[in-house]
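To keep things simple, chains are lettered A, B, C and D as they appear, and every chain counts its residues starting from 1.
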Amino acid sequence: MSAGSEMVLDEAELATLRESIADVLTSECDSRAVHAWLDRENDLGSSLWRQATDLGWLGLSLPEADGGLGLGARGLQLLNAELGAHAAPGGFIPTLCVAQWLSHVSGFDQREALLGAVVSGEAAFAVPALLEEAKPLAQSADGGTVSGSLEVLGGVPEAAGTTYVVVPVASGWAIVHVDGVAARLDPIEAWDLTRNLSRLECSNAPVVALIPDGDGKAGALLGSYVALALAADSVGAAKGIALRTIEYMKERFQFDRPIASFQALRHRAADLFIKIATQESLLEQAVQCLDNGSPDADMWARLAKAGASEAFVFVAADCIQLHGGVGHTWEYDPHIYIKRARLNEALLGSNRALREAAMGLLNQALDEGRTTTELNA
Amino acid sequence: MSAGSEMVLDEAELATLRESIADVLTSECDSRAVHAWLDRENDLGSSLWRQATDLGWLGLSLPEADGGLGLGARGLQLLNAELGAHAAPGGFIPTLCVAQWLSHVSGFDQREALLGAVVSGEAAFAVPALLEEAKPLAQSADGGTVSGSLEVLGGVPEAAGTTYVVVPVASGWAIVHVDGVAARLDPIEAWDLTRNLSRLECSNAPVVALIPDGDGKAGALLGSYVALALAADSVGAAKGIALRTIEYMKERFQFDRPIASFQALRHRAADLFIKIATQESLLEQAVQCLDNGSPDADMWARLAKAGASEAFVFVAADCIQLHGGVGHTWEYDPHIYIKRARLNEALLGSNRALREAAMGLLNQALDEGRTTTELNA
Amino acid sequence: MILEHKDDLKAFREAVRTWTRETAPPERAHEWQRAKGPELVEVQKWWMDERRKVGLATPHWPVEYGGAGLGLEHQIIMEDEFARGHSPGSEMFVISLNHVPATLIPHGTEAQKKTYLPAVAAGALWCQGFSEPAAGSDLAGLKTRAVLDDDHYVVNGQKIWSTNSMYASQCLLLVRTDPAVKKHQGITYLIMDMDTPGVEVRPIRKSTGGSNFGEIFLTDVRIPVANRIGEENTGWMVSQSTLASERGVLSFNYAERDMMFLVDYYAKARHERAAWLDDPELQREFMTLFGELQSLRQQIRVLLREPADAPTWSMLPSLIKVAKTTLNNRIHSFRIRAAGLSSQFIDPAWRAPMYEYLESFGMTISGGSNEIMRNLIAERGLGMPRG
Amino acid sequence: MILEHKDDLKAFREAVRTWTRETAPPERAHEWQRAKGPELVEVQKWWMDERRKVGLATPHWPVEYGGAGLGLEHQIIMEDEFARGHSPGSEMFVISLNHVPATLIPHGTEAQKKTYLPAVAAGALWCQGFSEPAAGSDLAGLKTRAVLDDDHYVVNGQKIWSTNSMYASQCLLLVRTDPAVKKHQGITYLIMDMDTPGVEVRPIRKSTGGSNFGEIFLTDVRIPVANRIGEENTGWMVSQSTLASERGVLSFNYAERDMMFLVDYYAKARHERAAWLDDPELQREFMTLFGELQSLRQQIRVLLREPADAPTWSMLPSLIKVAKTTLNNRIHSFRIRAAGLSSQFIDPAWRAPMYEYLESFGMTISGGSNEIMRNLIAERGLGMPRG
């Protein structure tokens, strides 16, 4: 199964696109707006979702044939890094990743309808929160319905339209329409208020479409997209909170000096950026592999998610401390990021399991006589 | 098997004893002497061994009945911390630990002869370098001789007298006399030049004495003494190189200031002492348990060795960096300590295995309804 | 009944234990363990009332001020037994029962002692107004201004991080009375009634959403000169008595409870066959944390044995401060990873991993940030010069 | 023969590859991999001679100075192919082939260029005399004194960390000619013949026992004024050209070789069924390091793409410097723990874990210590003010 896609924008155009996304988020989703969202004082979640639809963000990565811009993994990375930097609320990751995945898997007939509905903002997706460990739900004898329950990332209250869930079944992945009766999503209250977690309850819920997955490669690809999106979110968010923290340190005076001038703190700040830069480049590796259709993409995406989410936890935690007393108050930003970081760390599968899976994939590549580290020079 | 011993010196007397050991080492085994030893320009190894014998250090821990001072685990901790602080060369750990162990196990008739010879400096011991993982050597049908090979810590060239090795056999532990024929010790060249590592080759070597060990408790106790001694060496050595490094930093000027005045470095120095203090107290826990004959001593001793040797590696490595350019030269002290640290880390058994063993012991205690954390308040 | 055993430590311990078990049976521990906010205030007030009935509220106070003159060893036994008995905490009364007498007894007037000490002994909850938003770690940089007007000081300014200030009746307040001199001079120490006009307390929300400290806004607050502790402009010196009153007994209690919690956590994990028990990496990490927590308990015992009036500065409190707060953070970080995704769901259970983890970030700052501690260790402990 | 393909990068690469394989067959790699000290000098001299024969010693030099005027992309291809071919290294000639022309071409006299550039192209080994024992990271704080005496400078002082100075024929030397002015002024740049009377080199032993740098003691060393590069007291400015000549190509080569080594290491571990492969903690740690090394290779590629004359200061070289040196240390620390006790035995094998680990501590200091890098990242990269 190839995930290859050709790059349709050059570097300068990508930079312009990134800036345009950043500009929108800086104006619509700044710290004040996110804080108001946490306190239920605005509708940032749905306004952002509407705006994302209007601006075509939901189709950024999708093939042009599906009404998208064809940016592939590069698009996922670019958009999610900016969403992370601004701690944007919403169910972007599951919707973007599932749509991207559906554009690359074959064997079902709903592709056009589902992807069209995503681009137009009428459909949103949810995926198993622990996709890598998800156990198949029970299917009816004819395979037409599924029953059981599952914790999912998504269930997008801000999306006006229809929500679908990707559900693991014995033969592959079932797409289930959340109709509120046969398939229900109950929100799970979580520490991170910028994401939606839900419990899916299916009772003979009709299967809208089925993605067969005899060899597990389809599921692995979906996992790779989620991994990449979480890694991008983590890298972007880590950089976002680190930069905000440094700005704060320049303004905050102690002992008649800005705390940014204390060498012990300056060195810690430098270390944050060293860590972030490393994970940014590991993510770059995963993006290139996914966009090149490299057979090693699954390995690199998992390593990227593990590394980036851990770095994000480290950075966000140190940013609390670098803020001093206000660092762990509700009114400042660090707590928003540490909660998002801890959730990113837990999603998809534990980083321990992801690294073990990556080693399995490395072994497989070596057994097949393939090098996994080839890079142009 | 109880390792309990009553404390014969009060705190002030222990402090005096510690100072007297420190004084001897400061005068006989300072940095200059150890460097000369590394360059084979003096006989520090044997002169120190002789002095240790003369001053009764080898009997410090042994019961008074065996000609010792009766200081038990406290004595092991106190002496080895000072030896570590000065990076003293010599086979103290195996000799001290085996002697201490022999004074606490029963079931063999050579105790008086062997312990007497240790106190008088006529006998030295070696133990399996990876005691926790040591596999039994082959025994003759009547059990009278052993054959096989084994890497050991010890084989003390500086000791004038006889060397014995503790050898694992199916039924327990055999004491083998290194006669150079049936039992031979070949030195292993190692990075740490302050310790002796050897390969034991036994070919029908006669068993001098046998310590039966049906339930593994005797071996566990020997392991606890070695763990404790390595932990004490590590804590003492970490403190030793940290203090030397701080002295260097006060004298070394850069940008017209002592480098000790740079806040980033001062904070790192503080962190070294925070780490050391933690391990010092964990070691204290192990000492108390061993001296009280607590059934949890085996657990705490293993945790102490794992923690202390890791902290020693961390501290010694950072001291290289805190020295700046001279840190990794032969002429300065840090390399002596990092090599000792890395060896300590590897000895007895990997710290990973020791912590797993400790968890096994914790589970056993819980299964027996015992608390392992009781402390007087 | 309990105090009569004060000369026999063993009997004293036995009496405290029996009383604790009867008064706050461990079977009811869940009631106070889940209390937060005002509910927690109620629990601790109730518990302090019970302690008062048997002379265990202020037994460490001098006899002349209504105490029983018990020593540190009695306090340790009490805290030990309270911890073992899973009794309610008393940290809300630390300022009332420790800071107030430590300040008033050496520096207060007779009238102040007679007014305030009995009230405190009877359950008055005090807070402390030392920190200010702009000052942070630079405590002496405080700017809250007090101007003498006849027999009152008129105070304007703002205090922050004032624990339980929203529930307190009085406040130990530091103000600047002379802005012209060096910062450590020119500070005055006042007692402020919290119901004085112009005092407004706004709770500060923490990252968990809860609040246990507040900001105090002071607008033309009139405080009688009679409420001054010590002379004008000697407040900094007086405040050293306040700050020195924490002797590690509270840390001791916390560490004891933390170990009991960790042991229970592990027993529960075994009982439930938690998945992490099968992961060697997590096994080792747990044992490392377990070892370090025991080590901390050992360190605190050494601290408690250190003479309060030792001639040389001791590194130990600073070493312990950094070690215990970072260890606490690491333990809960471990629990988050061990639990996996479910740790990210809001869980009202006592000591839920993510709740404790977030709370732990308060500890690494409050009571002297870990950065200040490292400065102290390096400068005073290791003799490394300031830059 | 190889250079004729310079306009077709693909063919150029192919030609370099073929030549490399034929000249230094990978089957013989163990010969140069185990070389140390003088033996290593011989290996690298031999290899440089071979490169010279086919125009690959100085192909990046301008044509007018005997080079082929090849660009960065050619250098990268060469280094890539050399790394892939497990060929001998060339790091000994970094100063000769990069620092010398980068300094002489813009700042040297015609006579200097005519004398020294052909000699360097023919294989002369140069060293650099910048660092001094007392100066350390404060390079401009150098104290080695040069006094003009007729048409010679008389130099007294001491240089340190001078790589391969014991094998070098010439030295790029910074001296102080005016001690009265600010430290960055008053420095002069000289070329010193290493066989001038009064020059004494003592190798510095490293923690491994080996030596690849020395201390240079200078006693009344007479250096002709004609050997001065640039004007008197402009040496600091001139030295910036020297220091700017490192363009990441060497880091690139190292990182490529490091990844090949790590991949081989893992394949060998699998082949030998190394015990650590069964430990999930070590598995994960290996994969983390493996990922970070690949990430470093990505970073270095970005660095190589950065324009040399970019208008704004780039954090990237400093970020890479800290990341690569600490990663290197962590990789070998991992290998030590994975191997267990046997890692502590002296092992003459190529890249034995403890040997590499000890060597890695040199990297975190040399070429601008990681502490200096953190200062730069914070100050120039993040705009955090100096204290």
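To be clear about the criterion, a contact is a pair of C-beta atoms (placed from the backbone, for glycine too) under 8 Å apart; a residue touches a chain by one contact, two chains touch by 3 or more.
Quick caveat, the model's predicted, so the values are computed rather than measured.
Colleague: Report the chain whose mean Cα position is at the greatest distance from that of chain B.
Modeller: Relative to chain B, the chain whose C-alpha centre sits farthest away is A.
Colleague: Which pair, A-C or B-C, has more C-beta contacts?
Modeller: Between B-C and A-C, contacts are more numerous in B-C.
Colleague: In whole angstrom, what separates the CA-based centres of chain B and chain D?
Modeller: Roughly 41 Å separates the two chain centres.
Colleague: Can you give the whole-Å distance between the Cα centres of chain C and chain D?
Modeller: About 56 Å, centre to centre.
Colleague: Any chance you could list the residues of chain D touching two or more other chains?
Modeller: 279-281, 284, 371, 374, 387 - these are the residues of chain D that touch more than one other chain.
Colleague: At which residue positions does chain A touch at least two other chains?
Modeller: Counting only residues that touch two or more other chains, chain A contributes 262-264, 266-267, 352.
Colleague: Where on chain A does chain D make contact in their complex?
Modeller: 246, 249-250, 257-258, 260-263, 266-267, 269-271, 273-274, 277-279, 281-282, 284-285, 300, 303-304, 306-307, 351-352, 355-356, 358-359, 362-363, 366, 371, 373, 375-377
Colleague: What does chain D use to touch chain A in their complex?
Modeller: Chain D reaches chain A through residues 76-77, 79-80, 252, 256, 259, 263, 266-267, 270, 280, 283-284, 286-288, 290-292, 294-299, 301-302, 315-316, 319-320, 322-323, 371, 373-375, 377-379, 381-387.
Colleague: Within their complex, state which residues of chain B touch chain D.
Modeller: Per the stated touch rule, the residues are 129-130, 151, 188-192, 197, 252-256, 262-265, 313, 317, 320-321, 324-325, 327-331, 334-335, 338-339, 342-343, 345-347, 350, 352.
Colleague: Under the stated contact criterion, what part of chain C meets chain A in this complex?
Modeller: 131, 134-138, 141, 160-161, 204-207, 209, 279, 281-282, 329, 333, 336-337, 340-341, 343-346, 354, 357-358, 361-362, 364-366, 369-371, 374, 387
Colleague: What residues on chain B touch chain A, complex-wise?
Modeller: Listed in rising order, the residues are 262-264, 266-267.
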